[in-house]
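Both complexes below contain chain A, partnered by chain B and then by chain C.
Now for the complex of A and B:
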């Protein structure tokens, strides 16, 4: 509704003619073109290089060079082909498990009257503050060949390496992502339907299968698609716990860093792109549809839950929360004990990092993340503003390219960056700047989507007032839009910062002798067998992210308190 | 005003970023294939002494070779420190390295002055390390098994899943093992052995030093690798017994080379001179890396396993450092051994 209204009013805006408006006509297309160029150069160009290298001999674009040899080699070599089946299997199983677990978890939080809901909501989000490797590190300490539980409590030879380990760690990693979707869905669906069915005499089971499940089906599919996408593109967990069980992501890494077969790496990237793109498209298509499902009359009231049901759901939620806490506790405790699980005396020795990255890697990560946070949230806000309120000619094109990064696995983007920019004349290659650009591009989608939805909430009349009082686009943006979206800006900043501190797959190809990043150091330390120090590095990242979240929480509070007043004064 | 407030910190961050970025004066980039803490200690000590900003990245010698090859047109590293000699040899033969005769060369024991296949002073030996395996004695006791003494013990069925070795694709250590078996048994017999060994391998690690650390922590019962890496873990108090196999075993020469067209050539030479000096060699022992240094003036750590105390094979560094042999052996392993079901 608001969009159509705005379209009308914004047309009127342009009738206010002045020199300033002329300038206006110039600035919006400039911004739009800038965003488009940014995405073309830093997203499509690297992707194009990958495509070129996998389909053309030596990456030289010519008809005579066209070849399917790389694909042939991939599909006819048993041990590389295996990684495809492994990936599909692991992601498939993870998807089913996560969807089922999270559905009931979200159900418990939205439809029952169990206690401690805030606690559960906070705990389930915890995996977001750590790199997607923390799960694997903890599981090895608990269930590895010398795990606390496997070999010390039960003294069995069984261990978690391989497919089982990848699946369990991916499940724990994907929980928050799937939760956000299903929680939103289940809170939005009208509970009165369930009540009506129940009062008409339907059994609880029938209500569940005929009403509850179907009404949440888009959310379920969307959560499943997202989980599948996250799992198949994840690199950190499989590389640590997979053992000899290779998946597509680890195979790309092995081809590129062990053998420097960039052509095969590019080829496997294309193969990985197919299922991840598919899952993304499904998710995108579904999430557009699901908004239509949300009824305006949805009611937050939850009828009291039967005692037994309540106890069961409480226990269920505690088990899941406990598993997540166990993961974090294991890694953190593991970083402080001398020799897990032999010698439990406390030590800080593991915090003396045995690699040159060490603490400098942490600082590099920190300031890179600050820049990513500022640049990322600013660029996405400007792009969303230009797109949403000014309706440039190619809005649809910009929008399409803006959501595209979410479909591209970080690892593939990183490989594309090497192929595209490892030339002496790209000065930013080999500097931290390429890392900044890569992370901003990889997380562009969510930044854009949240900025757009936030801008939709700003009353267009404030903006119109500014314009009719003679404010041009730039001053309107800085004096009206920016202050009003400061809360969203901080949210975006938080998101970009967190992603930047914790991402592994996007930047693993971009670290070098001069740029060390903390999240990558974890993998390097673990590769060389410094597992306890890997845990220590992981703990440092978690602490930094938590401190930042605390700071941003305070800032957020302060901003939301003051922003209203300040806007009044300035406009 | 708002704009200014926002752009100021941004600009400050950007300046902070660029100063950490480029510039290439008084700098040195080391590609290190020795143990992580050694690499770091060496980089720091050298950097401090000569006031040079040292960047270092650690990777297995196999991966480092591949990296230098990939960066041939636009070299990003200056000097390649440590790791088995074979990949160094191959890089020399393929024209990726700079010839350099350090003035400190006369202090190096004769066989290690110019050991690489090219014979053009591309690489110098900095240390000698002996291949073998180490056994976690706690796990051995729990399983009531006997201490393995020979390579042939490792293919007994009771070791199924209990052995770790690095992957020859990424690790020079594992390639040394491949070459050692080939020289011990002849190629075909060696692959028969590797096929049987494969059945007992729990995991092929990426890094050559990982199996020793994992054996120390009990993640695996047996770890194959260089014994000096394992001695380090033993020194920390882990229940580890080091075995130099009875049939005889191979050894490594740690390589040190300058990368061709290095951007910081003078500093690279300075580093090589330093690394070959008594002082440079003795850094290793300070981080409990107990290789035997090749500088005859440098002290041999008491914990080091000396070549004269074990049964060593006549390791042919020229043949096994050659590209053809290396490619053939690793290729055969990847095709015939790696894909086998266990």
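Now for the complex of A and C:
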């Protein structure tokens, strides 16, 4: 090879690449506009349809049609109005209980030296692998009319249906979500503050109320707001265990499915949107603040805990872990016994699903979830890359619309989808693709936030080095950014996959005669009296999610081993 | 590797603002082809911004950037014939050394065999041939730095940019690396712009030094000019230690005569006649001062020794003259003075610079 040759080729390549660069200029704007269009069409447009239907006669946009009749009807009919009070009541009570329980649980795991912390941490996260209906199913088996504990052990007529049932099941459902926030907060706040106060002679009680609690206040408020939001928007648990005790979410469903009152369904959606949006905004505002509190000097070492305190906290943690295990064990065992709680002989009969969906619903859920996982984590990574490293003009707008989905209850979004896309020219309506789109949009926020925080961990000069060495946007993304984001990509995939397998509220309106989903089958089976089969379907989902978690765990290990170079920032 | 075709770099009235914050206020700068020019200044002075403007990682708010005769002011970084060595090295952690170095050629569509040949040459020039299959985290800090240099020079750029390339190395390695960079730069004859906040480093490697302060160029010149003839107090104190003394201008014009106390000093520096009989500040390097016994006949500044420190090759003294502390260095072997003793300070050029503003 001679020098002259080399010069010729490089000259040539520069001319080629300058054409490529002209094209390159359009990539980031195109991606930005694409993301914006996606969010406008699949988030704002459905929301707009709901607003239109609730505020305008017949949903026809005209000044003469403007009406508050729907709201008047809702607020003056005692039968429908009570769902609002019910929702506020169960959400309020659940919020208080969850926040208190989780605060001490997280405290035990971060500030004491109790044993088996990994065990507790894994158990508390378990509710994430199942649809938010597993709690209600289990509680009915334990405390229902024919419950193991109520009618079998104590022979009492008392049962858990109604507000109590909803609250207990929501508490058990919200634990992991609140835990993540408070665990982070309590690990981040510097434990030396407590020690300093103690060494200055403050009593343990005083240290707790004056130092520990105030230093975790943002985490506490944030966890409470999230719990409130999750509870008030949940559909699965109240529909199964609520009985006649209607809440906003079940009322929307009843109005739309049983009475075909889409206008009232839309109206109640707006009413549900107000408190859930409020809780979301509070959470969003607070969590931005609390990040500033995280101190780099936080010390992992925890001084040994006094014996009595240690025993009390251990017992406390075991009780909570046991409650969660009990829920899962009940559902799983319940799916394998002949007649709970009378005939305990084992059977697989409940796994011969009597419904139309059956196993095909499971397969549909599985492949939809795989697609949601890949599409969701890829789109959010691309969007985060375009926004974070290239800072296009609309960055703030894109960012704002990207966090919005988290504020919108899945049920509302689902209703909006029917209203918006129930037209013959939307080919995807009534196909699994509308489910894919809906789940990706509903979970867009967390996907984009975690992609952004991952990209912030990559030294910006790595990307600049690629650009400066002649890389265009697309090759920089695929050769540099994507490989360096593999671990985060797998995490995001896991999140999207789990959400897709377990979500009920987002897709309840989107299942049709042709599209059946496993999580919805649970409700259908339970509704038709096949409770044991509902448990069996639930067990199948749990198994699939666990298998996938196992696979992803191995993949993650393999990825970090082969690349082995997740050290992003040289120092 | 063969000599590069290098070109000069020119900035004309370049202003750069980030929002309301203007970091460069109209920079005019010319960097000679084939030279190594250092941008020196405290953090926040805009030196790195100039480097990034030349690289194309930032675009000027106004003004022009030329590479050779080509106006590249708004040209994309990918298309500039410029290569940069980043402060953090910015090596790709998921690639081997060979893949890192070959990345730029791969982006240009150079075939595998040819690429490997070039990678070998580039790594050879930094003494790392044979390390191709290693991953970045299997290399030491100094080796990573060399890989970063090889990755930049493989593209045979017309200009090489170094952003504080040695700041992550320990002091012994730093000295060796700066010599290696200088040697390589001279062998290849490539125009290089080098950013640092370390004045020793700047003096050691540069043909030309540009001292910056708060977004403007304070002074540009050879290391010797800047050390011996600083224009301002800022440059005088930033480029090493300086004693700032008050003195009077006796004769102005082409050459000047200054007087401090009763000591008269002739300098080569032209001085406006308007300043005659005015009091100005004069920067004097510690080496320009020496101590003689108090009873010596030569004319000097009477002083008292306050402290002394033995640092091997020399002794550093702090002395008090007329209420002012002076700092000076005396070679070991010269007459020693004890703390508290009175003496006289002799002032001998070079190292004396009037700084009239």
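Note that in this section the second predicted complex is superposed on the first by the 541 of 571 C-alpha atoms of A that agree within 3 Å, B and C clash if a C-alpha of one lies under 4 Å from a C-alpha of the other, contacts with A are read in each partner's own complex, and residues count from 1 in each chain.
Basically, a contact is a pair of C-beta atoms (placed from the backbone, for glycine too) under 8 Å apart; a residue touches a chain by one contact, two chains touch by 3 or more.
What you see is a predicted model, and the numbers here were worked out from it, not measured in a lab.
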Partner chain in contact with A:480 - chain B first, chain C second, else both or neither: second
Chain B versus chain C as contact partner of A:254, first or second or both or neither: first
Which superposed partner A:527 touches (first chain B, second chain C, both, neither): first
When both partners are placed on the shared chain, which of chain B and chain C touches more of chain A: B
Partner chain in contact with A:465 - chain B first, chain C second, else both or neither: second
Residues on chain A lying within both footprints (that of chain B and that of chain C): 479, 483
Residues of chain A that touch chain B when the two form their complex: 78-79, 140, 144-146, 151, 155, 157, 161, 243-244, 254, 257-260, 262, 339-340, 342, 354-356, 358, 364, 367, 370-371, 374-375, 378, 422-424, 427, 430-433, 436, 478-479, 482-483, 511-514, 516, 524-525, 527-531
Touching residues on chain A, where the partner in the complex is chain C: 1, 3, 6, 9-10, 13-14, 16-18, 21, 24-25, 459, 461-462, 464-472, 475, 479-480, 483-484, 563-571
Residues of chain B that touch chain A when the two form their complex: 2-3, 6, 9-10, 13-14, 16-18, 20-22, 29-31, 35-37, 39-40, 43, 55-59, 62-63, 66-67, 69-70, 74, 76-77, 142, 161, 167, 169-170, 202-207, 209-214, 217-220, 238, 334, 338-339
Partner chain A, residues of chain C touching it in the complex: 2, 55-57, 76-80, 82-84, 86-94, 103-104, 107-110, 114, 117-118, 135-137, 144, 151, 155-156, 168
